[in-house]
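Two complexes come next, and they have one chain in common, chain A, joined by chain B in the first and chain C in the second.
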Partner chain A sequence: MSPYVFTLLIFNLGLGTTMTFASSHWLLAWMGLEINTLAIIPLMTRQHHPRAVEATTKYFLTQATAAALILFASTSNAWLTGEWAINQMSHPLATSTIMLALALKLGLAPVHFWMPEVIQGLDLTTGLVLSTWQKLAPFALLLQVSSTVNPLILTLIGLLSTLIGGWGGLNQTQLRKILAYSSIAHLGWMVLIIQFSPPLATLSLLIYIIMTTSAFLTFKLTSSTTMNALATSWTKSPMMTSLATLILLSLAGLPPLTGFMPKWLILQELVKQDLPMLAFFAAMTALLSLYFYLRLCYTVALTSSPNTITMLTPWRLNPTQTSPLNPLTTMLTLALLPLTPAILALVIY
Partner chain B sequence: MTYLVSLFLLGLIFGLVAVASNPAPYFAALGLVIAAGAGCGVLVGHGGSFLSLVLFLIYLGGMLVVFAYSAALAAEPFPETWGDRSVLVYVLFYILGVMVVVGWFWGGWHEACWVAIDELKELVVLRGDVSGVALMYSSGGGLLMLCAWVLLLTLFVVLELTRGLNRGTVRAI
Partner chain C sequence: MALPRATSFTPAVRLLGSCYKQTPFVPHLSAGWRDISGGEYRRPGQPRYNTPIWKRFDFHKGVQGMQKHFTLLKEEFLSRWIGPEGKPLVEHMLEQTRVIWEFRGPESLDQWTVSSDCEIGGRSEAYLKLGRNNTTCLLYGTLCSVPPRDGETRYSGYCTMRSKPPKGSFDSKKHHDWTSFNTLHLRIRGDGRPWMINVGAETYFSHQKDDMYSYFLYTRGGPYWQDVKIPFSKFFLSSRGRIQDDQHPLWLDKINTVGFTLGDKADGPFQLEIDFVAVCNDRAHTEQFAYEAYKRNPEV
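Up next is the complex of A and B:
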């Protein structure tokens, strides 16, 4: 791909998200989403691999369907109530349809099926863009409509996403699919809390983006896309591989690591809202996710698989070049938890 | 006018059923053309005659190209359509679905949506859609430029996706 075209596409990827962020009108928000989808498509097929093309086709079809649903719901809302503003929707038909469309865009549970398939077909960098940057625009819309959506729909989608995200990842051996299911589960937590505390949902998204960035970049560093490759990845970069264990545990949400913060605050907020059973079920579904993260940890660093002696030395001979983003996000993934009071004071309250 | 608009609405529904149910691209694309034409008719009934004309010319212009290409790519000697049992099941299923939705919303807020509601049916100089076009060129200029930019982006996207032979996305492996 020509660097000029690449720059144009990256620029438009930013433009689409920025437009959706900046708009208070449904038509402009929809245009931003469409620009975003259009710009990512050639980036996804950059490798021209049949798997990538297949994944791109699936992605395009789902995103186009979701965008058409958003357009349909917002025009029928404008027809019924004469209101184009995003946060002023009032008709239940429009809000429910928009919620389902945004769930399809984000890959939330009842309509999540495209997500693992698409991520699996792409290389790790594009998968990273897809599971971080591409979530931002739909999430901004979700934040604005969440107060008008039926709370039952939000709760059901959220709980189902955490459940499916944990359940679907159980038997996977492909890292990209596991990361996709992890994305589904994390977004489920955000949707669960978004009706009670939108800033908390935003904070969860931010922390999820940091954590998944370090996971994707670490896997990219050792070029591992399956659990088998992960088992010998320590030979390429022993330090990052031992940190990968902690990154995965942070994604799982274990206490001394950053990933614990959103789960902790969300559970606290749910209990404060007098919904202890919901908090209980959400925590139980997190156990399902914990299982496959632990399985990955076991493969990465808690066991050393047998190998020939020449295979044990690549880290001495060819030093791996890490992305400059990786150390930053890894540190944030591992050590942000002590900042919880400050973040609470700045963001939530 | 009311009868005509209800006829167009029926054509729209059956055209979309044809798109959804037909396995052969000949008939599916034909259904799409019928649906688009009927949709333009509905727009005329609601007072958007200029909009409808633009949509008909541009959309059907693109649709005919797609129709020609898909018919050329997937030429079947015996294409199945509504008469065959396998397709008929789908047709009946979709029509049943439409009826269920109609029954669900019956008597609600779109009781009278097929009545011609042209608020500008008197002879006026500025019709709703024409003055809308004028507004798009005056106060909506920024958005118009944005749309032109997106069209340019689309051109690059399509060129990047369909570019030459062994470097391109669409190729035989």
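Up next is the complex of A and C:
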């Protein structure tokens, strides 16, 4: 791809998200989402592989449907109440439709079916952009409308997402599909808490983005896209493999790693809001996710996969990336939990 | 089961009907009950059903079908608790070879579809039967490259044997997941002819429906068995028979079919005996893709 075209697409990716962030009118927000979608489509088909084209087509269809639903809901609201402002959405038809549309944009259950297939068809870098950057704009809109959406819908979507994210990832052997189901589950946790504490949902999103970035970049460095490939990567780079294990446990939400922070704070907030049963079910569904993360750690670190090479580090990987993003995000993924009080003070209170 | 009487065999239909027979002629009732308005594809040579649907209704077959599909559904649900693809995780990790198709009984032939150019009006014939001792399958027949006289076909003379795509409960689409492997291993005994192996991966509706990954299979023709190991990195992409300029490696996570094709423009009889079709993980083979992946005509 020509570097000029690539730069233009990356710029438009940023432009679309920024436009949605900065907008208070639904039309401008919708335009930002569309610019985002259109900018990432050529990035997804850079390789022209048939599977990448398939993933791109599926992504385009789902995102276009969601954008059309957003437009429909916002114009319905404008027709019925005369309001175009995002946080002034009051009609229940409009708010329910917009919630469904944003769920489709984000890949929340019950409209999550496109997510694993699309991420599986892409390479790890584009999958990373899809899992992280593309969540920002719809999440910003979700933050603004969450106060007006029926709480039952939010709770149901959140709980269903955590359940399906855990259940769907159970027997996966492809790492990209595992990360897709992990995305569904994490977004479910965010949607659960967004109605009670939007800053906490934002914090969860931020920590999820950090953890997912480190996971994707680590898998890219060890060139592993399947469970078996990750299991045999200990000969290539034992340090990266052991870090990959810890990153996966952080995604699972185990203390003393960073991933525990959002789960802990969300459960605490739910109990404070007098919803212990909801907290219980959310924690139970997190156990399903924990199972497949632990299984990955088991295959990587606790078993020695069959390998013709019996000595350690037979060759060294040429460093393919010189940016500090991987070490930075990995460090944040593993070591941020003790800073929880400071983060709480800065973000929430 | 009595054969349907309401069919009148014209000489042409009888000729077409004798083109290929996988098993002794049995009416395809599973195709019949869905053929309400003749919408489902009827392969040339198969007789047309003129009996109305209400006469062909069979309660016993319906109950058997429901039992079969619900059993498959239950197995799919329960296998989720065991591990990936219904096997324990340890087995998935340790697996280095897997025999996908082996011919040990008449039911193994039902997993394959045989066709030849008689579907477009040509004169080749292809048959599939079990080999000696019911341990192998024999694909045999006659190639004839005389094109059909329909005014538009210029070339003819091919025959093919293709595996049926795997189906789950209620005929849902399933795929072969061969990501743990990197080599196709066949044990065959041919007649010296050059065959082609086609692997059909999962495609997305009309976008890539004619895409196929192919490689050559040169048979020796002797009385001795031939072990053929073809790495998946060697398969090249073709669409509608035309090799694509923009080549891509075969992705092994969603494989639908494997097929053998013969079209070497040599008229006459042929036969191919297959013992098994397996996949294996050759750890000495480190090639990712055998063909150029860079852009060959880059715009400056």
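As a convention for this text, the second predicted complex is superposed on the first by the 335 of 349 C-alpha atoms of A that agree within 3 Å, B and C clash if a C-alpha of one lies under 4 Å from a C-alpha of the other, contacts with A are read in each partner's own complex, and residues count from 1 in each chain.
We take it that a residue touches a chain if its C-beta (ideal position, glycine included) is under 8 Å from a C-beta of that chain, and two chains touch if they have at least 3 such contacts.
It should be emphasised that the depicted structure is a prediction, and the values quoted were computed from it without experimental measurement.
Enquirer: Could you say whether A:8 touches chain B, chain C, both of them, or neither, answering first, second, both or neither?
Expert: A:8 contacts chain B only, not chain C.
Enquirer: Does the superposition put A:183 against chain B (first), chain C (second), both, or neither?
Expert: In the superposition, A:183 touches no partner, neither chain B nor chain C.
Enquirer: Using the superposition on chain A described above, determine whether A:295 touches chain B (first), chain C (second), both, or neither.
Expert: second
Enquirer: Applying the document's definition of touch, where does A:333 land relative to chain B and chain C: first, second, both, or neither?
Expert: A:333 sits against neither chain B nor chain C.
Enquirer: Under the stated touch criterion, name the partner, chain B or chain C, that contacts more residues in chain A.
Expert: For chain A, the partner with the higher number of touched residues is C.
Enquirer: Identify the partner contact of A:48: answer first if only chain B is touched, second if only chain C is, both if each is, neither if none is.
Expert: Both chain B and chain C are touched by A:48.
Enquirer: Determine, under the contact definition given at the top, whether A:20 touches first (chain B), second (chain C), both, or neither.
Expert: neither
Enquirer: Counting only touches as set out at the top, which of chain B and chain C does A:35 meet: first, second, both, neither?
Expert: A:35: touches chain B, not chain C.
Enquirer: Touch test for A:80: chain B only (first), chain C only (second), both, or neither?
Expert: Touch status of A:80: first partner only.
Enquirer: Using the superposition on A, tell me which residues of chain A are in contact with chain B and, in the other complex, with chain C.
Expert: 48, 50, 53
Enquirer: Where on chain A does chain B make contact in their complex?
Expert: It comes out as residues 1, 5, 8-9, 12, 28, 31, 34-35, 38-39, 41-42, 45, 48, 50, 53, 56, 80.
Enquirer: Under the touch definition given earlier, write down the residues of chain A that touch chain C in their complex.
Expert: By the definition above, chain A touches chain C via 2, 47-51, 53-54, 57-58, 120, 170-174, 226-228, 231, 295, 298-299, 303, 305-308.
Enquirer: What part of chain B is in contact with chain A in the complex they form?
Expert: Its residues touching chain A are 109, 143, 146-147, 150, 153-154, 156-157, 160-161, 167-171, 173.
Enquirer: Under the definition above, what is the set of chain C residues touching chain A in their complex?
Expert: So the residues of chain C touching chain A come out as 80, 83-85, 89, 92-94, 96, 177, 179-180, 201, 203-204, 207-208, 211, 237, 246, 248, 251, 253, 283-284, 299.
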